[in-house]
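Below: a set of structures, written as structure tokens.
Look at the two complexes coming up: chain A is in both, with chain B in one and chain C in the other.
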Partner chain A sequence: MRLIQDLSGIRTPNNLESNVILSAEHVSKWYISFKRRKTVALENVNFSIFKGEKVCIIGESGSGKSTLAKILCGLITPNSGEVRFEGKKLSELNKSEKKVFRMRVQYIPQCPDLALDPTWYLYDSLAEPLRIQKICSKQDEFERVKEVCERVGIGMDQLRRKPRNVSGGELQRVVIARAFILSPEIIIADEPTSMLDPSIQAKIVRTILDLQSESNIGIVFLTHDLELAKLVSEKMFVMLGGRIVESGYTRDILKTPLHPYTKSLLMGVPPKTEFKQNSPCGFYGECEIVSEVCCQYPPPESEVYGGRKVRCWRYA
Partner chain B sequence: MHDSRALLEYNGIEVTFDMGGLKVNALRGIDLEVYRGEVLGIVGESGSGKTVLLQATLRLLPENAKVRGRIFYNGLNILNIKEREFKKILGRSFSIIPQGFGSLNPCIRNWVQISERPMEHFGKSKEEGYNMASDLLGKLGVKNPSKVAQIYRHQISGGTLQRVLVAMGTSAPSKILFVDEPTKGLDERMKRLVIELIKISRKNFESMIIVSHDLNFLKEVSDRICVLYCGDLVEVCYKREFFESPRHPYSQALLLSLPSRGLLPIPGESPSMVTPPSGCSFHPRCKHSTTVCESRRPLPFLIDGGMVRCHLYARD
Partner chain C sequence: MVGIKPSFMETTGLLLISLVLVMVILSFVVGNVIFYPRSESPYSPPSQSNLLGTDDLGDDVLTLIFRGSRVSLSIGIIGSLVSTLIGTVIGALSGFCGGSLDDILGWLTDLFIVIPALPLMIVLTAYLSPSFWNVVLVIGLLWWPTTARLVRARAWQLRSSTFVEGLIGIDASKIYIVFRHILPNVLGVVLARFVLSISHAILLEAGLSFIGLSDPTNPSWGTILHFAMTRGALLQGAWWTFVPPGIAISMTSLGFILLGMGLEQRYRIGPKSLEGKI
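Moving on, here comes the complex of A and B:
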């Protein structure tokens, strides 16, 4: 296995187990809704990210991307399974350790106007993480806010406004600045550009990538735009119906997709009109190659070659 | 004056919003023709006035907006006619696929929303309306259409909602279909679905106007593209020309900001509509800008059946 990794030209020392900084092990999350119906958002998900790695998660809306992202940064507790940060279980951290964890893992939400308090000045929203962590004085605080604003490209005079007086692209940059202000080790960006124009999207993605390369932090990028995923990531996870159905290096997946869902995504096949739910495989009604076993048991995860995992009966 | 090819003709449309003494020019003299049998795509960043143009046509603008100029539909200036006559035209000749589910009334059942227009303007009975709505939803690929028709907007998923919106726009025959940001916030496969749905419904309408900032989507569905920037129509051309050799510097920069074409952001900030730049509104961000661009607003310059508003072409 080591040999294959070497051949694929990927930075081998980084792929050692000890370099895993954040990981989710067999994480499941479900909600009990009306009439005790169980809605499964995530089912047995394994995810890991190395130090300084760029990872993206793609999948359609409702596939559980955002739930996974929120679980990874500790905003939601999973019903089963564990999230580990540098080997320590997240559920077993004490209060001060949790504070450190919150400083080192940051989250960029999808909708910036909902993530900022409408009655606060942007400066206060931006400086709040510093105040909570109590890591610097008032003067230092101003310096750090100024520095991070320069990096993301917002003027200091913009910060004297309230969210409603600022455009969507600028708000998004404020939210990004807030994520970067504590110089974290991992940034989890939940579709940061899906609501924005192409030119602003380019600007924001560039900003995130520049900051990433400057400080060598790990980044988890959630998106449904394949072109964007190709540009921003080294590793890719494809999600469908609460499971990770395919994972591996981005260029491998885009070159030779293995799972039928990934194939249909790359070829741009629209979803079929009639599809069966409640089948063990999330892609059952739409898959072209179906065998009997597909509708009976959920497909196992199988490793096809070094680091390339697929959840489909064809590769089991 | 009236071109027989044009179904809808905009003639010097200016829209001013009066915001408590402050006058904001949302549109600054739009001249545009929508030909029979074409799909016209309108692109532009948020705040460039593309939705305002749509709303001005359909008389959906708020009270404080003032519209000047003329809009000819079949040779009739629809800005001059009385509200009652306009409603007749609106009901029988125009239809709209609105943006997002904000436009659905949360207290009205889906089937009423869908067949409101046929019932109001085409003399259909309630029963016919209900049957029509569920038939239409079935055709658009909704599972269990008769049930979806009876429930409310918050009880259905995003994919079904999109179909309800498309059904709303296509429930009765009309001449022009207006589509407002049909792909905003949708994932890749839902976009494919919208493209399919629009292609299906295209033959029911003589012309279509699609407002979007999703260039890849417009590449699939439209025949001509017109580009709005800061309330100005800067370029009108055929789709192929736009994607292969755009003329206006803004169009060029916009294409370069797509992830597939390099993700290069447009330098500078989007202009403020309150204090638009002097002369050509794009000159502060344009790399070809000269002193003429700063002082004088360029005139529209006709080229090969298209139009471009830039001093670069006027000079030759």
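Moving on, here comes the complex of A and C:
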């Protein structure tokens, strides 16, 4: 029912401003590499997620998805722009507020093999967030670990092992359990299934979605897989070369893609040339409709209708 | 994946080290009972009563060597323990924390690498008066830079790994990460380094005592060599006073080097499967 309401446009940014939990405003991140060459990872990105919302960020590798995810969980500081958590700037949080932020926003990394300390037993790795945040006693800790293990579907006896002794799928479940153990409000999952084989992928996605609906938390999926995006998200952000080129409700975007890049993505046609760092649009090399302005100035972000934003000169 | 079966190098190393350990234990257990501590004549050649002859004072050389094993081994182990501890902590902090702390500690490490260690050790030991603990201290304080470099490299690698990023994501402090996660992960490398530096410490100690910078009341193998050199054993042709301690020193340090190299191969950073294929 909620989904239908969303799609009918009842949920507009204006009347729900207070429900935004995590947002990024004009965030840019660049790296100065060898010989002072500037590599732009993110450029003027605006992003927001509401309470209990399922959002998907889609884009090819190198488009800045992971950078955005890490900036959102405060693992990387942006060069310019601000990340806000419940309206407060992340850079201005004091120690206790930061602790709350770290508890509420959790990150599921891409590769489960590297996500846990190889010298620690899984039980300790799983209980570690509770110990660091000092929120429960030893007995409660065991109960909580047990409960979260049941929810993600791992047996307690698996936890007596070390990461190298369990399979990738089980490890990913442990990593997911670790993210959920602090009962967060937002989970940022950075391609949680990309390292797993297809049969397990579906189960893992199911697990995450079940957990999401049980506790009504916001979830950000990062993926390059359109099918997955279709399955998991209500809202979608399409990224290209460090910019969000199109955003809106998933169903709208899939039905009527506006940006030429999204179109080519949906048609399953891989772009002919690689993204050019210095080109103003990033896509004009293979766009069918190129005007003069495309080669000169970067396109502005423009709202086409109710929450649907596109970064293309055609809609400016 | 670390195999359980010891390699040839490790087996040989362990064998040599256990020989020395037997010497140490024997020197405590039977000590002066079995061996004749002092015979009448100085520089008497090996005989039935003195298996390795006697030195200039008529002391039994075998007894001296057995007693010397205690000193050499304990200085080697304690000295390298101190140096490994210093090196590990400095390396881990420097590699993990990065930034200006890394710069400062890196500069300090470079400084200690650049300073020629042996001359400085000689000067320091002479200045501090050559006692057991001073020798340990000097070895410990001057022999850490290589360990620090090694640990720093590994910590630097771990710092950008996903699981450390995840730890920052759940608000773990830097000190917590270094001591609970980085150090356990570098333990293998540190162990190999520790065993290797025992052999260095034993050699250094022998070198220092050979030139007379050791406690003469508590003679180590190097001290025996020192007395053989200064009191005319060479001129007398009393080979039994300087050959056995020399062999003892080289075999012990060889034992630790072999074990250390074996361990280093075990915990080597990098693709093991490619070994021998390139």
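The rule we apply is simple: the second predicted complex is superposed on the first by the 297 of 316 C-alpha atoms of A that agree within 3 Å, B and C clash if a C-alpha of one lies under 4 Å from a C-alpha of the other, contacts with A are read in each partner's own complex, and residues count from 1 in each chain.
In this section, a residue touches a chain if its C-beta (ideal position, glycine included) is under 8 Å from a C-beta of that chain, and two chains touch if they have at least 3 such contacts.
Keep in mind the model is a prediction, meaning the values are calculated, not measured.
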{"item": "Simultaneous placement of chain C and chain B on chain A, clash or fit", "value": "fit"}
{"item": "First (chain B), second (chain C), both or neither touched by A:Lys98", "value": "second"}
{"item": "Touching partner for A:Leu22 - first (chain B), second (chain C), both, neither", "value": "neither"}
{"item": "Touched partner set for A:Ile49, first chain B, second chain C, both or neither", "value": "neither"}
{"item": "First, second, both or neither for A:Val83, with chain B first and chain C second", "value": "neither"}
{"item": "Contacts of A:Thr119 with chain B and chain C, given as first, second, both or neither", "value": "second"}
{"item": "Which superposed partner A:Met195 touches (first chain B, second chain C, both, neither)", "value": "first"}
{"item": "Chain B versus chain C as contact partner of A:Ile253, first or second or both or neither", "value": "neither"}
{"item": "Angular separation of chain B and chain C about chain A, which is computed from CA centres of the superposed model and rounded to the nearest 10 °", "value": "70"}
{"item": "Partner chain(s) touched by A:Cys149 [first = chain B, second = chain C, both, neither]", "value": "neither"}
{"item": "Broader residue contact with chain A after superposition on the shared chain, chain B or chain C", "value": "B"}
{"item": "Distance of closest approach, chain C and chain B, by C-alpha atoms in Å", "value": "9"}
{"item": "Intersection of chain A interface sets (partners chain B, chain C)", "value": "none"}
{"item": "Residues of chain A touching chain C in the complex", "value": "70, 73-75, 98-99, 102-103, 106-107, 109-111, 114-120, 128-129, 132-133, 164, 178, 182"}
{"item": "Chain B contact footprint on chain A (complex, rising order)", "value": "59-62, 167-169, 194-203, 205-206, 224-228, 230-231, 264-265, 268-274"}
{"item": "Residues on chain C engaged by chain A in the complex (per definition of touch)", "value": "1, 161-163, 165-172, 176, 181, 184-185, 187"}
{"item": "Footprint of chain A on chain B - complex, ascending", "value": "45-47, 140-141, 143, 157-159, 184-190, 192-193, 195-196, 213, 215, 253-254, 257-260, 263-266, 270"}
